[in-house]
Amino acid sequence: MSEQSYSASEMMTVAAARRLQDGTVCFVGIGLPSTAANLARLTHAPEVVLIYESGPIGAKPSVLPLSIGDGELAATADTVVSTPEIFRYWLQGGRINVGFLGAAQIDRFANINTTVIGPYDKPKVRLPGAGGAPEIAALAGEVLIVLKQNAKTFIDKLDFITSAGFLDGGDAREKAGMPGKGPTAVITDLGILTPDPVTRELTLTSLHPGITVEQVRAATGWDLRIANDLAATVPPTEVELTALRALLKRTAEAHGEVAA
Amino acid sequence: MAVITTLAEAVASLVRDGDTVALEGFTHLIPSAAGHEIIRQGRRDLTLVRMTPDLIYDQMIGMGTAKKMRFSWGGNPGVGSLHRFRDAVERGWPVPLAVQEHSHADMANAYVAGAANLPFSLMRGYAGSDLPKHNDQIKFITCPFTGERLAATPPVRPDVTVIHAQQADRKGNVLMWGIVGVQKEAVLAAKRSIITVEEIVENLNAPPNACVLPRWAISAVCLEPGGAHPSYAQGYYERDNRFYKAWDEISRDREVFRAWMQKHIMDTADFTAFRRVLAESQGQRAA
Amino acid sequence: MAVITTLAEAVASLVRDGDTVALEGFTHLIPSAAGHEIIRQGRRDLTLVRMTPDLIYDQMIGMGTAKKMRFSWGGNPGVGSLHRFRDAVERGWPVPLAVQEHSHADMANAYVAGAANLPFSLMRGYAGSDLPKHNDQIKFITCPFTGERLAATPPVRPDVTVIHAQQADRKGNVLMWGIVGVQKEAVLAAKRSIITVEEIVENLNAPPNACVLPRWAISAVCLEPGGAHPSYAQGYYERDNRFYKAWDEISRDREVFRAWMQKHIMDTADFTAFRRVLAESQGQRAA
Amino acid sequence: MSEQSYSASEMMTVAAARRLQDGTVCFVGIGLPSTAANLARLTHAPEVVLIYESGPIGAKPSVLPLSIGDGELAATADTVVSTPEIFRYWLQGGRINVGFLGAAQIDRFANINTTVIGPYDKPKVRLPGAGGAPEIAALAGEVLIVLKQNAKTFIDKLDFITSAGFLDGGDAREKAGMPGKGPTAVITDLGILTPDPVTRELTLTSLHPGITVEQVRAATGWDLRIANDLAATVPPTEVELTALRALLKRTAEAHGEVAA
């Protein structure tokens, strides 16, 4: 990747942003999802509606929020409602097209762990917890997941399922009564994984430039399925890179100013 | 009926050992000054409730103030882990911390149920999640009309709720705006309440349908300008992101944490003194 | 996604015979213009939903538009009975009207359940009241934690909700203020929605936490200045109490009612024409 | 009563207003209760908090509302919340000290009918219905009822109980699980009735000036109990009458202006 004019995480963010169609109503998690969703808004999806669990509806931040409730989100939103209303009327109300999530760990059926590593009652690592993810994962029309891919994040057997993907695969999700389609893509720094239409097992369907299938296998905690028609991810365009870098620059400056 | 008093008096008279206490705030308007005062006055065995426990709860947990926490996401927003929270859960230092864990949606609904005096909240939740297996306060009930299965949990009913708002008038009516989170529900769900404010004004001049808490629904109002630092108060000051990052270092090591708490909170008289000492420390670090 | 169109087009495309329709408004911002247009276009077999049915529903019922009404208080506010409503219930004229009757608290909760996509609403209600004996859509469930008995009812989920608001912007985002009643819940609970507004402005400049409905949650926005008459629109015009009193006479007698409706609504093209003809009639009456 | 300088309905309104203590949080019904509650606010109870079911909290109208949602209520309130919030957080939330109700009909145990006269499915008279009364009657700390007393309103056996008083009397109300104390006084144009501490049957405990016990009996659809220590209602004071008449005058003018 040394010859590339962009980083793996830039590729990840751009690839994630591309999955968000214009006009979509998107429930945005903080961190990578927020970066990708705002990049989409600043490039191909100017009319995307971004909803944050803290209350802002239609937020249009010029710099990325460091927290899920930054003032910039409230100041640029069409309206700010209470947190109960966000979860009751807007998420559970069935108004979210796409839930955009990150994760600490994920398994082959796109189930997510953000709770504990090790036993729940005596955890080796206590993670932050569920936040809004369990209901976003269950109720959003579809779910996009963005996280870096390595042996610590792509796990054969999760110690804890915080938020459901396809559970044990097949029709297990439908049987569990979740209205949303579930994860339609997992975007990483190495490629894009999508669920098999039948087994719902995550399959590598697109490989980022400069990455080998072996690298992806090595970064996955289970025997990863590879699509027969494995695609090559289109590299970030000049427009995408420029927008992303300008966004991150504005963000650093803004938060620097705040701290000064 | 709201009395306008000092934070020290409000905490002394309204927050008791063993209470269930909610200091709420969704990254905006976090009642830091009040949290410090509770630590300063040495409260013990508190059950802490909060959707998003952050630095204040990390400080309280690290000082042994709490025995239990009911929550849905505990982290340092935009930075990472709460090291004191992890140390208490993973290694029981300084005292073991029991956790009752929910999702945000469930916690938000539980606050609503508390404010509405309902014996349980109701939501479409936890499908496929392991959380209900580890929280016996999450049950499932059947819709009497459709047969659908819904998650139910007991309401949040704190002994005391503590929040920070932008303004109060001289009678004690409170106005807040921007990201208001679950604070209104948290106050209405509680037996007693303390609200610290940026400013006490002659008249609120609240816009129509603004988030106003009438004085007769509040126990105490305390003037604490800057009292939400390092979080922010819309219209007053911005978030001190640098402090959130600094906290990651301060809180990593038990001794460093204890020394910092002693110097900045236990050895300061109030939040104003804390801010002064903090400014000195930051100056030294910058130097 | 909201389209900005004429009221006639919105009603023609969004309100269908047999629909469940909620025209909401709690004495403020009552969608009278829209109600007239539904009558004008001759809709039939509607199930009407409203907490406080008043003149508009009296007119719809008297013209045979409705087969059923789900409600909690039906009267002419400050004046007395709704004579057309009474005639339909007491004597089945012009067509029998089935009623599904609740309390205000239950209706308000049923709208909330509709907006929140819950299969039933929950409240402490109807203790000692005969209402549940005559409404099989009120059931009682037991709290899984305390064993307490609570009233449950299915959500309000209209095919179409119609409300009147003060302002929309050119994109179709809507702002209302003052007494907002259950209108936000009614719109979010419905499959389709029509919002008539006093004014379309360049920018809403909504205060923080104002009652705003984003355009993507609305079907149609229609400019209808004065469209809430005889009710009022805060910031625009006051309540025409005289008309509420006049309606008591107009609606008492079937023939007088029918003649009035023919002249003022069926024979007028739109609400503006209605207001003109009404002014003439009032002039004559005053003379 | 011809010699009196005030009317029976003025006596009723004044007597009702006197029951409302200063600082009380009062959930106000429209009509007579609203008149009495505002008279209290304008005389002995300046700090009474008036809540209307349409959403205003702490309304201080200078003229009486003709409807439960007049603009004057919103314009003078400390805040205006949604109608669901009024019923969920403020009434059911347990924050109301006094519910102030009117009624079409009442029985000896202060149960109220505002639904139908005659059979429910084939009513002789269809009344407006419940409104907020059933939950106000059940959940408010106590309930005050004000209505004119005659054979049409004071009924031996109601066709329909819309809102519960003491049901069949005795501890029937407690057994039905209502937290509020229930009706503590029924104020009419003839006198004041209060529930017997044990049987909970309404008892005439105060007689308005110029009214005879026989008149009250004749205006009551059952064999009315009379208190041994029957009190005489203090006539309206000059202050009370002046405030009431000024309020009604302002109201008539305001609504006249509106209509003009």
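Here the chain labels run A, B, C and D in written order, and each chain numbers its own residues starting at 1.
Here is the rule we go by: a residue touches a chain if its C-beta (ideal position, glycine included) is under 8 Å from a C-beta of that chain, and two chains touch if they have at least 3 such contacts.
Worth saying up front: this structure is predicted, and the values here are computed from it rather than measured.
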Any chain that touches chain D and chain C: B
Labels of chains that are neighbours to chain B and to chain C: A, D
Cα-centroid distance, chain A relative to chain B, in whole angstrom: 28
Chain centre separation (chain A, chain D; CA means) in Å: 57
For chain A paired with chain C, centre-to-centre distance based on mean C-alpha positions, whole Å: 42
Interface hub residues of chain A, defined as touching at least two other chains: 74, 80, 88, 92
Junction residues of chain C, two or more chains touched: 112, 117-118, 123-124, 148, 178, 180, 185, 208-210, 234
Contact pairs between chains, per stated definition: A-B, A-C, B-C, B-D, C-D
Residues of chain D touching chain B in the complex: 23, 25, 49, 57-58, 74, 78-81, 88-89, 92-95
Complex interface listing, chain D residues touching chain C: 30-31, 53-56, 65-71, 73-75, 80, 82-84, 86-88, 91-92, 111, 115, 120-121, 123-135, 137-139, 160-164, 167, 172-173, 176-178, 255, 258-259
Chain C-facing residues of chain B, complex: 117-120, 122-124, 137, 139, 141, 143-146, 148, 150, 152, 154, 177-178, 180, 207-211, 234
Chain D contact footprint on chain B (complex, rising order): 1, 112, 115-118, 173, 185, 188, 206, 208-210, 212, 214, 216-217
Residues of chain B touching chain A in the complex: 26-28, 51-52, 71-75, 77-78, 81-82, 85-86, 89-90, 101-105, 108-109, 111-112, 123-131, 134, 148-149, 178-182, 184-185, 232, 234, 238-242, 244
